[in-house]
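Next up: the structures, one after another.
Both complexes shown next keep chain A, but they swap its partner, so chain B is in the first and chain C is in the second.
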Partner chain A sequence: MSEQRRNPANPVALPGKDEGTASERLVADSVLGGMPADSATIQEAAITAMTASGRARKRAKLGVAAWLAIFWMGLLVFCAVFASLLPLADPISSTDAAAIGKGSSADHIMGVDSIGRDLLSRVVFGIRASLEIGVGSVAIGFVVGGFLGLVGGYFKGRLGSLIAGLLDTLLAFPALILALAIVAFLGQSTLNITIALAIVATPILARISRASALSWSEREFVLAARAQGAKHFRIIWREIFPNVLPAMLSIAVLGIAVAIVAEGGLSVLGVGVKLPTPSWGNIIQGGLPDIRTAPNIVLFPSMVIFLTVLSLNYLGDVVRARFDVRESGL
Partner chain B sequence: MSLLRRRRSTEFIPAADRYPVEPLAGALLEVTDIRTHFETSRGLVRAVDGVSFSLERGKTLGIVGESGSGKSVLSRSVMGLLPKNGVVRSGSIRFEGRDTSQLAPDDQRKLWGTQMSMVFQDPMTSLNPVMKIGNQITEPLLYHLDISKSFARETAVSLLSSVGIPEPERRMKQYPHEMSGGMRQRVMIAIAIACGPKLLFADEPTTALDVTVQAQILDLLQAQQRERFMAMILVTHDLGVVAGRTDEIAVMYAGKIVEKAPTRTLFSQMRMPYTEALMHSIPKLSNPSHTRLNVIPGRPPDLVSPPKGCNFSPRCPYVQDKCRKEEPPLVRAEAAGHEYACWFPAGTPQGRAALERNVVAGAMSGVTAETVRVGTTPIGGGIKSGTTTTAPSTEGST
Partner chain C sequence: MSLHTFAQKVLQLVVVLLVVTFFSFCLIKLIPGDPVSKIIPFGTNLQKAQLRRDLGLDTSFISQYLTWLRDILTGDFGRYYNNNASVSSQLTKSLPVSLELMVYAQVFAMLFAIPLGILTAYRSGSKFDGATNTIAFGLLALPNFVLAIILAVYVGAKWKLLPTQSTLDPFPLSPIDNWRYMLMPTIALAVGQIAVYLRLLRSDMIATLQEDFITTAKAKGIPNRKILLKHALRPSSLTLLTVAGLNVGALIGGAVVIEVIFGLPGLGYRIYQAILAREYVALQSYVALIAIAYVLVNFAVDVLYSVLDPRIRHVRAAA
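Let's turn to the complex of A and B:
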């Protein structure tokens, strides 16, 4: 369309050829006089074509798998929010002793757990705890770790080495043991588990942002921003952070999956979300003793975790591809 | 201080009206004996080693030299952009009469953008790849000038059209990767001049660009400079770039200015053999094709341990024993404003005699033939035969 807007035969209507200041004419001459006049048009057409194809490819990138992943995550969020409105048995108090050990049935699609509570209801209500912990811990880690990493990567002096040392110290702890110790110390609650996993996630996210900030802060446009009089924190926020963001976002999305799995791990070790509040982890843990007689108790929440992690991993890639303007046009 | 705090009006004043056409009294920039040394594990790198010059308002100074001669470091030192750690600096930089080298970082930053600004070498890396062009231009405007967002946008659009970008409205919404190198350099220039600086550093602004675009960008810089009455320091390795576009040229070698003169004088009466060698290394269009390119033999000296005596002595066709022992000071030549640092300057009887001695010695020993060839290539076969007794070494400079 925009190729037609500009008639290639008469590409630029030579603005300022008769009016305008001397320098305008000089500029117009240097643009149009030295080179064949339609070079600007050709270039422009090429750019238009490039951005159009870039946009088309961007749209095409969201394939069936991506939509499935988005659908799954949307379903989870919907269920978490409206769990109490859904036609489900109470996940904590209502029990159906007759259904124990019977597996799936019309009344209980996923079966019931070892004391007869509806498994589907517990899994659906468990989304809340699992997503809260997964998203919450990564969000805290993203903000704290991202900030530490950006500052540590930009200021390479004493502050930078101090932050690098701090991060290395945190990374030296085995992650699950560290989380275990923190929960044991703080006490077993959803909030404390979130904090524990956030402490584990922080150095990992900080590493990513620091590594990225280290290389971006060496770029010439950062020096150019400084030469324009921008302050350090303005440079970090406006120049470096947007460049670091795609890498951090994709790792963060993957991090949510890891945190959900980690909550399961903590539950199996006995320091997960406190019963009777359901979480995917403690449902699995509760089903472990009966895994031979009632495999459905472990199987269904595991499948849900599996699908969630798969979706998040896939979304991590999509997020990076979508939010990286550099990739879209090249 | 009062100059910096000067409140800027929210109305857009054309740059030509903002500054008096009549030059104000006193030099805009006065640099005296600045030294910038980097501490490295190998030792102290003397990147800039005692450079002095001054620049009037609205004038252009060209700084020319090979890679590694310290020209980029010089411009960054003057602007104060170098990191604080590991850099040893001395000397004074007076901008509008105030010493800026002693300023606190916060005060120094206030100079950047509004008083002095820089266009960088590579437009591919000096724009933020994830920020729209429009935002990159309005950023310094909003930061420095007390203006509204919409007015900043209007200003940015007019800046884009003034640097010769067609359809500026549409370009505002594009990312740098959607533009060609020349376009990006135009955008860089728009950003650099956005806040009306009095001094513009152009650090090899055309080195990363296609030859056909180079002239356009240089013309644009010159036009903007004239219109806005900016002083400009044009750093380049190409004498051809500065030839028609500067008022004065300083030739740098190994961190020092070795020759400085008004442009016309430099090209007609060059004294320093290094300037001459640079001149000869420009290929001439009139030469037949497949003519061998003239190169300056050897490499720039190691700035950790520069040679004793004159820095250029190991590569100089005029070199004498005195050059290897004593460093020549910067002395005045006959022409006004012309200074050079050489014991046996080209185009003088001493220089001619020195070159002659080297040619004769070279013909006899055959050792220095490579060295001698540079300065005398225009003589046409004189060295090969070894019989030349007169070396009209100024031929290339007329």
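Let's turn to the complex of A and C:
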């Protein structure tokens, strides 16, 4: 996340980059799809449609890697929802003492943890906590940060600078330390971890939406809407927000990955999801003492985290490339 | 930078510092219920009354904050309640270890990122470039604690090449032993940064190599090596240096986890111990110190940045 934020000039080569699928198309899409056609927006759409057709663009197809990433995330969501219907041992109560320290076997594909619980089952049930925290914290950050950013970017006066100051101050804390401190003092629970990470995510997403809203609110179609007497709320919601959305989405997707990793880090520090509820982080933490005799306990969930972060990073980049989110100025 | 903008920045700095310390101060208020009975659940009534007075719980909120801030600023970071040790005595022992780790990690990351960044930019589009980028993308997805664990399992435990779990107190040993204990934590912390720096330098370098002065240099017959190292690297490295400075925040967070995995007795390890032992006062001081240090580093980088390249400052201001 920090890389995104602090890196104003990073035209990093993106996988599957579709050269110049520009923001014009985005405007045309969002304007024509679902918006009431007032004259200003139609005019804007016509202009953008002309320039777009002039350059003969087409949507790049999603590559194999993108589909693999989508498949992996879909699999995780499916397993999280239907975990209790899958043919898995109970992740908390059922133990198999004979399998401890034996590694992978036919009965236990990933082996068992230090007290004999099936590791696959714990990892699968652990998706729930990890995704809840990852998606939950980013969703809160998305709504709160997005709102603050839009308002701060649109109203440039005193309100804008107040919001900017508030965001800068929140960003002045090193992220993991802030989350760590909040959870340590508030008490460790899935909800508190989600709140702590949401507090970390909010200023980052707000900054993106503010920077984006700042530049979009200068555009002619916003001026036109204002000239027609549209209310502030309507302008923000209908004219600016749809354009700010792609930049926020790509950062949000990356943010989920960061939050999942952060949960792992918090767990290693002993303030992750509370046992016996499994999360990827606390499975790893539980395996640390037996790392020499049973490395599988630590390695399998680590691998799952790696694949998930890889998928999310890739998807975040795909979103960014598709919507041609320029990072300059963000 | 004009004096006026500098004064403005300093003023901002002071405000941010006040707010950041205020947040840190408020942390102790987050403890659900009575903080005193959480900090010393088995203390006698006398001890509890003493702690209540130490924390200033019987005075107003603002005066509690001001007292606390004054203590922090004068180097009184409170003490541990289990053994009465002062936080500052722990700090003088653990801070150097953490700083050492972070400096090593930055240097290590740069040692790999700069040559690779130059090469991939020079040969952009080649197989080597593609492979390096793919690997860098993979490394970005590798959480540093996962890498740390893998290193600890294989290099440390299985192959016994390097020691893990030092927790030696005091830490600094002979230089060679010191390095042996530092090498794996450094690698674990640095690898993710290599990927970040590499991608950054590569993209800036590619942009620079398309500039007119590079064409001129080529036309003059200056050898490639010299063009890359002398002409292109310097203007391309500004963003890299800034990001490296700002990345200190991410490094601090990462270092905490890494220190715990490898048992390095640095600041992060102390924080971990403070969490486990419910030493809230010490924990609060550590968090405040890290936040203050981070704000100061950010400030220094910001100032340095505008001093180094006024051109970039204007671009930034326009954006």
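Methods note: the second predicted complex is superposed on the first by the 259 of 330 C-alpha atoms of A that agree within 3 Å, B and C clash if a C-alpha of one lies under 4 Å from a C-alpha of the other, contacts with A are read in each partner's own complex, and residues count from 1 in each chain.
Following the convention adopted for this analysis, a residue touches a chain if its C-beta (ideal position, glycine included) is under 8 Å from a C-beta of that chain, and two chains touch if they have at least 3 such contacts.
Being a predicted model, the structure only gives us computed values, none of them experimental.
> For A:174, select first, second, both or neither according to whether it touches chain B, chain C, the two together, or no partner.
A:174 contacts chain C only, not chain B.
> Return first, second, both or neither, reflecting whether A:164 touches chain B, chain C, both chains, or no partner chain.
In the superposition, A:164 touches no partner, neither chain B nor chain C.
> Have a look at where A:243 lands relative to chain B and chain C in the superposition and call it first, second, both or neither.
After superposing on A, A:243 lies in contact with chain B but is clear of chain C.
> Kindly classify A:208 by the partners it touches after superposition: chain B alone (first), chain C alone (second), both, or neither?
Touch partners of A:208: none, neither chain B nor chain C.
> Classify the contacts of A:73 with the two partner chains as first (chain B alone), second (chain C alone), both, or neither.
neither
> State whether A:187 touches chain B only (first), chain C only (second), both chains, or neither.
Second partner only, chain C.
> Scan A:223 for contacts with chain B and chain C and give back first, second, both or neither.
First partner only.
> Which parts of chain A are touched by chain B and by chain C alike?
Residues common to the chain A contacts of chain C and of chain B are 12, 329, listed in rising order.
> Considering only the defined contacts, which chain B positions touch chain A in the complex?
Answer in residue numbers: 79, 81, 85, 109-114, 117-118, 120-122, 125-131, 139-140, 143-144, 162-164, 166-167, 174-175, 177-180, 183, 188, 191-192, 194-195, 212, 215-216, 219-220, 223-224, 226-227.
> Show me the residue ranges of chain A that touch chain C in the complex, using the header's touch definition.
Against chain C, chain A makes touches at 2-3, 6-13, 15, 165, 168-169, 172-178, 180-182, 184-187, 257, 261, 264-265, 268-271, 284, 288, 291-292, 295, 298-299, 302, 305-306, 309-310, 313-314, 328-329.
> Taking the touch rule as given, give the residues of chain C at its contact with chain A in the complex, in rising order.
15-16, 19-20, 23-24, 27-28, 30-32, 133, 137-138, 140-143, 145-146, 149-150, 152-153, 157-158, 196, 199-200, 202-204, 207, 239, 242-243, 246-250, 252-254, 256-257, 260-261, 271-272, 275-276, 280, 283-284, 287, 290-291, 294-295, 298, 316, 319
> Sort out for me which residues of chain A touch chain B in the complex.
Result: residues 12, 21, 23-24, 26-31, 34-35, 40, 43-44, 47, 50-51, 157, 219-221, 223-231, 234, 238-239, 242-243, 245, 324-326, 329-330 of chain A touch chain B.
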